[in-house]
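Reading through the C-alpha cells given below for one structure.
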Amino acid sequence: MTDRLFKWEKENEKDVPGEERSSRKPDMSVEIGRIGLKNPLVACSGTFSHGEEHSNFYDISVLGAVTTKSYSLKPRKGNPPPRICETPAGMLNSIGLQNDGIDVFIKSHLAQMKKDGAGIILSIFGKDSEEFKKVALRILDVKADIIAVELNLSCPNVEKDGTSFCAFPEEVKKVVDAVVSMLDIPVIAKLSPNHDNIIQSAEAAKQAGAEAISLINTAVGMAVDVETYRPLLGNITGGLSGPAIKPIALAKTYILARENILPVIGMGGIFDYRDVLEFMIAGASAVGLGTVNLIEYDAGEKILLDLEDYLVKKNINNIRHFTGRIRI
Amino acid sequence: MTDRLFKWEKENEKDVPGEERSSRKPDMSVEIGRIGLKNPLVACSGTFSHGEEHSNFYDISVLGAVTTKSYSLKPRKGNPPPRICETPAGMLNSIGLQNDGIDVFIKSHLAQMKKDGAGIILSIFGKDSEEFKKVALRILDVKADIIAVELNLSCPNVEKDGTSFCAFPEEVKKVVDAVVSMLDIPVIAKLSPNHDNIIQSAEAAKQAGAEAISLINTAVGMAVDVETYRPLLGNITGGLSGPAIKPIALAKTYILARENILPVIGMGGIFDYRDVLEFMIAGASAVGLGTVNLIEYDAGEKILLDLEDYLVKKNINNIRHFTGRIRI
Amino acid sequence: MKILNSEILSNERYGPDIYKMEIFAPHIVKNVGAGQFVNIRCCSPDKRDPLLRRPFSVFDVEKKFNVFSILYRVRGKGTRYMSELKKGDTVNMAGPLGKPVEPVSLKGNLLLIGGGMGIAPLNLISRIAADEGKKVSVLAGFKDSSLLMWERDLMRMGVKYRMFSEDGSWGQQGLVCDHILDEPKVLRDHDIFCCGPVEMLKVLQRELEREDIRATAILEEKMGCGIGVCNGCVVKVKKKDGIDYLRVCREGPAFELSEVIFD
Amino acid sequence: MKILNSEILSNERYGPDIYKMEIFAPHIVKNVGAGQFVNIRCCSPDKRDPLLRRPFSVFDVEKKFNVFSILYRVRGKGTRYMSELKKGDTVNMAGPLGKPVEPVSLKGNLLLIGGGMGIAPLNLISRIAADEGKKVSVLAGFKDSSLLMWERDLMRMGVKYRMFSEDGSWGQQGLVCDHILDEPKVLRDHDIFCCGPVEMLKVLQRELEREDIRATAILEEKMGCGIGVCNGCVVKVKKKDGIDYLRVCREGPAFELSEVIFD
C-alpha cells in the first residue's frame, strides 16, 4: 500500500504467486460459552466507537465482533478536557463515558452497525444495578441484533480515584444478576486490573449467570505537567492502556483463566498477532483490540491476516489450539 | 563525555562560561519524618546492589541515600532463570530476592558501603514477622551506620502470583510493629501497586510506628514465548518496572500522599529529572531511582545535576517547594 | 481511506526548528479541503515510542504534481523523528482528516488571523481562496522572525498581509490582536478565520464579541485517534441547551469562535 | 568507568544479516580482556524502546588505532537500530564488562570450539593468544555459510581451523560436535574454550565429560544491567554445596563447562 511517485514500482508489490492462503485456510472460530465468534478478534469498547470510522479503512465484518462504546441510560457529556495523554508505550484517557445514551444508540447507530455487518457486543454502563437494569430493558427489543451485552463494571473514570463496581464482588453479582434477569442473551462482565479480587469477582459474575469475563479495563494512572503543576488530564487520574500494560493484562488473564471459572476475553496492549497468541496461550478464549485501533486503523484486518498466515506456516489448523496451552 | 577520534572536538565541549552553577546552588535537602536526606534521590532496592558497581561510574555519595538489595535472615538463591524480560518501555524481573543473607551484608558489604559514603537505607525481607524481627535484631549492632530500615512488604516474586504482605493491612502492622519494637531507627514500609488498599496499609504502618512509605514496588506481570508456549520468566510471573508503570506509580503516590498519613518516597519508572518533579508535585517527599540504574549507570548523578540546573533556571531555591504542589 | 506510506519529496528547514515536508500523495491532494489535517506515525512500525500519531495541518497543495506539504516545528520526539527523515523516505500517514471548513467566503473577502504555527492551516485556506479568485488578507503575530519565509509564500499567492512580532524583528512590534478593532467596519466585510495559541484566541474572542463580529477558529487539542472514535480531543462549546464537548478531529477542527469556551 | 558516546568508524555487512561495527574507543582497547563484552543502548536517549542495553562480545581489537569491533546478527529492534547506524554516528556504550577469561593457556595450545555467532568472543581469544605466539586451533559449526568471511580473518591470524555446516555449503557437512572425541589425546593437550547455542554446549558437555576433559564455556543470558547489580543474568552452576546461581555479567561470561547446569 505504498503511495509512490513511480508507478512501475507499484507493479512489483503484487503478491508473490504461490502464496495462496485460502487453499488451507485454518479454522479461526472460537466459542466463549454460548457466544460463537468466527475468530477471536474483538474490538474493545471505547476504541472503535460503533465501527463507522474504521469501516473507512477495512471491512469490519471480518472481525469476530465489535464492542460498542459503553452506553448509559441517559446521554453523558463525559469529563472535561484534556482527556488524552501519551505515556511511555501507553496512553492515559479520562473520557468519562461520553455517549449519546442507549436510546440514540438503538435508534440510529444500531442500524449503521447492522449494515457494516460485524457481530455486535453492546457495552453498557449504569451508576447502579437499577440503572443497569433499565438499560437492559431498552435492549430487549433489539436483542436479536446483538451477540452479547458487556457490562462495564470497571471504568476508572467515573468514580473518584478510579474505584469501580468490580472493587466489590457483591456489587458485580448484583449488577450481573439485574441484567441477566432482564435479558436472555449472553452477558459478559468486564473487570479491571485495579483490584486484586478478579477471581472473586469472576466467581460472583458466574454465580449471577454471566457467560464470560472481559479483562482488563484500563489501569488507574496519572501524569503531571511539570511546568504548570497541573495534572495532564482534566479528570486528574485516568485509565492507562496500550503496550505498557500488556504484561499486567497477561498476568491477570493467566491467573484468572487457570481457575476455569468462565472463559476470558483477554485484552490490554495487543498490537500484533504475536500479542494475540500470548494472550491465548496464557488462557484467553478470545482477545480484545483496544488502543491499537486508535493508531493503526486497519489493525483488525492486518492482525487477522497475520494470524491466519502464522497458523498456515505452523501447520496448525485451529486457533483454539492455543487457548491455555502454556507450558509451565 | 564523547570519546572521539579528533581531540580538538573535545575542546568545544567545555562548559559554556557564565553557567557557573555553584554560585546559587539551591537547597536540595528533604526531610521524611525523622529521616533527613541531602537531596530527594534514593537508589531503589534491588537495582543498585550495595552501590559498589555504580561507584565505578560516579561518586554515589552525591545521592540522598542508597537502598540496599533486600536482605533476608538466611542467604536466598532466588528464582530459576530466565529472570529478566524486556517489555514495551518496561521490564519484568523475577529475581526472587537472591541475596547473601543479612550476616554477610553486615560483615562485608556494609564496610564497602560506608567507604563509598552514601547514606544507607537497609532493605530487609522476612517470610513472617518473626523472621523480620530476627533480621532487625542483627541490625541492632550496626544501626549507627544506617539511616533507616526499609521493609520489603511487597515483593511480587516470592509468593504465588505475586501476593505479598501488603495485601493485608493487618500483616503490614504486625511486621512493622515487630521491627519497630526491636530497632529505634526510622522504619520505611514499602508497598505494592498490586493491591487496592494502600491507604489502609499506610495507616497500619503508621500506627505501628513507621516513618515513611516507599511506593511502588513492581506490578505483577507476565510474558509468554509464542514459539515455545513457555513463560518468558522461570518464575512464570514477575514484577513490572520502568517507564511503562510510571503513570500507575504517580497515581498511587498522589492518592496516598494526599491523605497525609506518612511521607511518601515515590518511585516507578523515573528516568529523568522531569519524572522526579512529577512525583514530587504529586506529593512525594523523596523519590526512588530503580530500573534507570540498570540502563544509565550514571543516572543518579545526571538527574541530580539536571534538577539543580532546573531549580536555578526557574529561580526556585528549595526542592521542597515541589512536594504536593499539584494544582487541581 | 487508507493508511499509506507516502514518499517524502523534500524535508527542509523553513526556519529555526521549523521544517516544511513535501509529500507525494495523490489521495490527499485529491480529497483535501481547507483546515484538514493528516495524522502521522512518528516511529518505525516495530516501535511503540512515540505511541500515538501526530496531527499536522495540510499547509499547501500542488495539485499538478500530486504533492502536498506540512509545516512543522520540532517540539518533542515525534517531530524530531520527522525532522530526521530524508527525501525518498516514506512517512506513514492517514488523511485527510477533520471536517473541511465551510465553502469559503460568501462575502468574497477573507481575513486570516494567525499566531505562530497557527498559520499552517491558514495557508491552505488562503491558497484555496486565492485560486478561486477571492481577496485574501492576512494578519499574523509571532514571537520573532523565525517564520519569515512565509512572507515569500504569501507574496507568491498575491495576498495582502501585515505581520507583528513580539521582539519587533519582523513587521510591527506588538501582538496581532492589539489593533484588531481599529476598523470594525472592515472586519465586518470579511469572513474571518483564525488559528493560533489559546491565549491569542481568547483575546480575539473577547475583542470580536464586543463588536459582535463572527469568526471561525481552527483549534488544536491532544488527539488519541484523529478519526473520531475515542472522544479524546474534545473542546467545550456553548450550545442552546448548555455546554457540549465536541471533537476537534470530527466536528472540527473549525468552530465558531464565539461558541468555544476556553477555560 | 564511563558510559561514552563512541564514534563508529565503519558498520558494514559481514554476511547476510550480519554486521561488523568498528568503534573508536581507547578506553575499551586499553582495558579489554578476552571474553569481555560491551553494553550498547539501541535507541536515541529520549526514547524508551528498546529499554534495555544490548550486550555484544568484543570481536577484535586494533591496538594501534584504538579501535575495536563487534560482530552482530540482526535479530530484533535493537540490532536493527544498530545496523542502520553509519560511519561517523556515535554509539552509546559501556564496557568492557564481564570478567576476562583466565590468562590464556598454560598448555600453550588453544582449541576454540564455536557455533554460529558464538564465534564472536572466540575471535578475540584467538587474537590475544596468537599475538602471544600461542598455537590456536578452531573448530566451528554453522547452519550455512553466512559467516564465511570469518575464514579470511582466521587465515590472517594464522590460525588452524576446521569448519562444519549443516547444509554442507561451508567446510564439512555436519555438526561441530560430531567428531569431537575422535582424538581425545589431542584434546587433552589443549586449553579448550567454547561458545555457541545451548544445544551445542549441552552435547559438548556430555561428550567431554566422558573423557573427563575440561573446557571453559562462554555463556549468554538475557541481561538487565550487565554490571552485576540486578542478578538477572544468572546461570545455574554446580557447587560443592549444591547449586548456585551465578551472574553471567559478573562471575562470567566464562564458566567451567562441566559445572554449568543446562535445564
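Think of it as A, B, C and D in the order they're written, each chain with its own count starting at 1.
Operating definition for what follows: a contact is a pair of C-beta atoms (placed from the backbone, for glycine too) under 8 Å apart; a residue touches a chain by one contact, two chains touch by 3 or more.
Computed from a predicted model, the values in this text were never measured in an experiment.
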Query raised in the report: Of all the other chains, whose mean CA position lies farthest from subunit D?
Result: C
Requested in this report: Round to the nearest whole Å and give the separation of the Cα centres of subunit A and subunit D.
Outcome: 45
Query raised in the report: Centre to centre, by mean C-alpha position, how many angstrom separate subunit B and subunit D?
Result: 34
Query raised in the report: Mind pulling the subunit B residues that touch 2 or more other chains?
Result: 88-90, 242-243
Requested in this report: At least two other chains touched by the same residue of subunit D: list those residues.
Outcome: 48-49
Query raised in the report: How would one label the connectivity among the chains shown: line, ring, star, complete, or other?
Result: complete
Report summary line: Listed in rising order, subunit B residues that touch subunit A in their complex are 87-90, 92, 161-162, 167, 194-196, 219-224, 226, 228-231, 236-237, 240, 242-248, 250-251, 254-255, 269, 274, 277-278, 281-282, 325-328
Query - Complex interface listing, subunit D residues touching subunit A - result: 48-49
Query - Touching residues on subunit D, where the partner in the complex is subunit C - result: 43-44, 46-49, 77, 80
Report summary line: Within their complex, subunit A touches subunit C through residues 1-5, 46-49, 53-54, 56-57, 69, 77-78, 80-86, 88-91, 93, 95, 98, 242-243, 271, 291, 293-298
Query raised in the report: Along subunit C, where are the residues that touch subunit A in the complex?
Result: 1-7, 9, 24-27, 41, 48-53, 90, 94, 221-225, 227-236, 243-245
